[in-house]
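You will see chain A twice below: alongside chain B first, and alongside chain C after that.
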Partner chain A sequence: MARITLENVRKEYGDVVAVRGIDLEVPDGSFVVVVGPSGCGKSTTLRLVAGLESVTDGDVRKDGESLVGVEPKDRDVAMVFQNYALYPHMTAERNMTFGAGSATDFDDAEIERRVADAAELLDIADLLDRKPEALSGGERQRVALGRAIIRDPDVFLMDEPLSNLDAKLRIRMRAELAKLHEELRTTTVYVTHDQTEAMTLGDEVVVMNDGRIQQVDSPQRLYDYPANRFVAEFIGDPAMNALEVAVESGADGARAAHPGFRLPLPDGDGLDAAVDSRAVLGVRPEDLSLAGADTDADAAIEATVTVTEPLGDSLLLECRVGDDRLKTQASPRSDVRSGDTVALTPDPDRLHLFDVEAGTALYHSAEGATAPDDGRTTRSPPATSEE
Partner chain B sequence: MTLLETIVDAPNRAAEYLRGERTGDRFARLREDGLAVHAALASLVLLLLFPVLVAIVVSTKESGIVTGLADLAPGGNAYDNYYRALVELEFYRYMLNSLVMASVIVVGKLAVSLLAVLAVVYYRVPYKDFVFLFILFTLLLPVPVRFVPLYRLVTGLGWNNTVFAITVPYLASATTVFVLRQHFLSIPPSLVENAKLDGVGPLEFLWRVLIPMSKGILVGVSVIIFVYAWNQYLWPLVIVGDDLQVAQVGLGRLRGQAQAGEVAWALTMTGSVLTLLPPLVLLVLFRKPLLETFSIQRK
Partner chain C sequence: MATREVFESRWQAAALLLPTVLVSVVFLYVPAVRAFELSLFEVGFGTGEVDFVGLENYRALLTSSEYHLSVLLTVLFAVAVVVGVMSFSLLVSFLIHEVEVGKGLYLVSAIWPYALPPAVAGFVFFFLLHPDLGVLTRAIEPPYPALGLLERPFEALGVDVDVTGPLEAVGPDVDWFSSGPQAFALVTVVAIWKQVGYNVIFMSASMNNIPGSLTETARLDGVGRLERLLRIYVPIMSPTLAFLAIMNTIYAFFGTFAFIDVMTDGGPAGATNILIFDLYRDALQNFEFGTASAKSVVLFLVVGVLMYVQFRVTEEYAYYGG
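Here is the complex of A and B:
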């Protein structure tokens, strides 16, 4: 068990800057997921914690002690790789015990006991005699997890461990990983490009892009109160719609004016400052509903359907509003065809405004948008003296 | 269809072709079966094998002078020739020396190359690619080019007439390093990284992971090295005396056994066949790993 602190960590490869000074606190026993598109520096960050890369600048600490210059083997961390990194010529059991002898002080009997425990925990007791080539992807990943578990490290580092599995297996292993963490409570840093994995697994989710942390928050707050357009569009599938609007003040409050619609904006922090300027209106497809005939036309967006995508559980509509595109989800058996004109009503509590240039969030229509509710809002650099 | 299957099936096929109605059709089917390709390959194999076959035939004759086709019938002197060469003329000694030399070179070369490759693959060495390129540059300086300085060095060390003289100069090998490096690069870096996180040291990693994982290619490379070492002639001829002399040089001495002013061709061919045997046995035994070695690819 350990707490990991990253302080202003930079990593450069020659002219390429992979990580541009990030601060992050991984509390003891937590499961933190780092998510971002490929090339955002998330894997590099993990490898910096593992010691497989050395920091160009900044500090990585474990329980307050700097890890800079400490060999990977002395960091007491175990890593699970995307390609499992099993030794192909060794049986599953040997794969699990091979490193344990070097990495720990356990004697052979202790290692044997731990292998048996881990095998039971991961349900791989029958597979221990097999070599990796005789194991399926999911089984290989369990063996790789088992290898990490029996070492009983301070920290688990997982680098896209589920990415090589097929979709169904990935969902099952995801649930098992969550259960495993529930039992072991070992501090875990988990890197993925899959936002669903991030949302379902993480106590906290770190969204990274372009070598910088965009937001650190609990999954729900990340979804409800994205700190900027990148987070807003990265988290959630299909992605949040973004429409450039002018924010106007009217007799009954502020409005978002678009060539295709004028939408009233409920009062909220930051709205006043945004009035009389241009902003990007963000609204999630699932927060737009097809309006009935009796809807207040004023609050609706008129849109022309261009593409319909039936997903079974819902009908995904791609529409055009003015020159902009908009996605929305309708009930699966709605009678909507491409070319139809529909009226869409957004949930008034689920609107967001972003700065046109910087993309930072200006306003969320939901209550409690800016007030930290449980101490889990966006955290600025961690208080380093906290002990 | 393998060559053997093609040959076995040939009469049936021939009958089919003869029954065929149009010539164009026949050609099409010939092409389809690849018979022409197989025939061409078979004749090429025969062409390559011909000198060896002649050598084997001649080694069974009394004088071994071949002047006409009739002389290519096997003779009855096989046992006498092989006994004379191996035992009376002590050709076995040369072969034994060659065996020692080749084995030492195989083991030594592998050891040196494996360590060099481990350094390039396991460690983060600055200018790694440049170092590797530098190793490749040594290909421009094979033993014959280094002859004179090497001779002075080896005699200066007092190694002339020792096993060191015919083995140590061969130990560094750019080709082996190259082949092994290409193979090791195909091993996922995460294996190395996992080992580093577990505190598995480089030598343990080499011994317990890299070598067991690379058995096939190591066997293949060993065969290549063995054949190369076995075929060395000029350097052993110069640097060691008769006690340590190798088979290729010994072969020349067999040829010197004149019979009434004639070159002893039968004995010479006997020696040639004997010299051919050890590499041939290795090639046959290890043809699979050998072929895999030659078709290395970065996966």
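Here is the complex of A and C:
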């Protein structure tokens, strides 16, 4: 059990800056997921915690004590890799026990007992005397997890452990990982590029881009109150629509004006400040609905359907509004065709405004953006001027 | 198994194979058969007269103590070279693998002796370690002028400390012109030195193919460096190591002729008279083609048996999994 703290952590590889100053707190026993596009510095961050790389600047602490200069083996962390990193010439059991001797002070009997426990927990008891080549991807990753578990480390570090598995297996292993953490309660930092994985697994999700943390929050709050355009468009699939609008004030309140529509914006924090300037309107495809005949045309967006994509459970529509594109989801068996003109009404409580240049969120139409009822505070770094 | 029809006719396939078959037959099989045939004859020196003697040549080898010594020497030499080359190269490759800066430079320095022709390498060491003139000889043999410098500060203090004196008695006397063991050690060391580059190329490539995450897992588990090398890397590299063991064996038996020829001429007193050199002398200096042929047949059998054993051991232990 341990708490991990990153303080202004920076990592440079020659000219390449992989991590540009990260502050992060991983509470004891939590499951924190770091998510971001490929190359954003997730693995580097994890490896800095593991001690496989050394920080260029800043501090990594475990339970308040600095880990800078501490050898990986003395940090009491176990890592699980995307490629499983099993020793190919050893049986599953040997793979699990090989490092345990040097990493822990368990005696042989204790190690044996722990292997048996882990094997049962992970359902790999029958596979223990097989070599990795005789195991499927999912089984290999279980063995790798078992190897991490029997060491009983302070922290688990997982670098895209499920990314080499097929989609079905990935979903199953995801659930098992969540269950495993329920049971063991070991502090875990989990890295992935898959936002669905991040949302389903994390107590807290850290969204990274370009070596910086964009937002740290619970999955639902990331989705509901993205701190900036990057988070808004990265979290959620299909991605949030973004349309540049002029925010105007009128007798009946503020409106988002676009060549294709003039949407009323409900009162909310930050709206007044945004009035009389340009902003980017964000609205998720699933928050747009096809309007019936009786809708208030004033609150609708007129759009021309350009592409329809049947997904089975819904019909994804790609539309054109003025010069902008927009995606929305319609009910699966609606008879919308490409070329049709449709009226889309957004959920008034699910609108967002972002700064045109910096991309920071200016306004969320839903209540609770700044004072979440669960006591969490939305943390996001100030828009940095660096580079 | 389904055969794919690539060729229009069997004749076309045969025609394409012909050059390979022809070269093999002319340069490998015919000479081999001829050598065996010749080993059953006694060839008169100068006259070219040929007498059939049956297995007499082999019987003579069986009873020649000189030849027995040569066989023993050769096996000893081969074992020393193969074990020496491989352990030293493994260590060098591992050090290069572990070092963070200047990998390329170290690699080149380890490999370049391989580019030197054996005869040239032989001459270089002949002079470096010449009993009277060698630069290295002076460093190995007492008195040690460099160590003498250590005495200076004590002298200045008026204390009489003798560092080199006691070493004078234990220091070696480089004299491989007349000492058999020294000559044997010399050619072994040179043969090893020459072959390290070849081994380092393969070992480094093989070591670099080991996924970094294995190393990192080991590091996180606190597996020591030596244990990592011997219990993780070596098993994974075993196919390459098996291949190298075979190549090095062949090298030790056949590729080391030039060192002997240039440096020791098989001497002193036959101490470096390995089989390949021995049979060269019989054939091309003494012109005893019958005996030389018998010796080459024996050499072939010895190496053949060794190869067989190595292949079997490899099959048993080398890890080829994916």
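Keep in mind that, in the parts below, the second predicted complex is superposed on the first by the 378 of 387 C-alpha atoms of A that agree within 3 Å, B and C clash if a C-alpha of one lies under 4 Å from a C-alpha of the other, contacts with A are read in each partner's own complex, and residues count from 1 in each chain.
Here is the rule we use: a residue touches a chain if its C-beta (ideal position, glycine included) is under 8 Å from a C-beta of that chain, and two chains touch if they have at least 3 such contacts.
Just so it is clear, the model here is predicted, and its values are computed rather than measured.
Aligning the two structures on chain A places chain B and chain C in a clash. In the superposition on chain A, contact of A:E133 is made with chain C only, not with chain B.
In the superposition on chain A, A:D313 makes contact with neither chain B nor chain C. In the superposition on chain A, no contact is made by A:D252 with either chain B or chain C. In the superposition on chain A, contact of A:F98 is made with both chain B and chain C.
Contact with both chain B and chain C is seen for A:A50 once the two complexes are overlaid on the shared chain.
Touching of chain A by both chain B and chain C, each in its own complex, is seen for residues 50-52, 72-75, 77-79, 81, 83, 85, 87-89, 98-100, 102-103, 151.
Residues 50-52, 71-75, 77-79, 81-83, 85, 87-89, 98-100, 102-103, 151 of chain A touch chain B in their complex. Contact residues of chain B toward chain A in the complex are 188, 190-191, 193-201, 204, 208-209, 212-213. Residues 50-52, 72-75, 77-79, 81, 83, 85, 87-89, 98-100, 102-103, 131-133, 147, 151 of chain A are the ones that touch chain C when the two sit in their complex.
For chain C in complex with chain A, the residues that touch the partner chain are 211, 213-214, 216-224, 227, 231-232, 235-236, 238, 319, 321-322.
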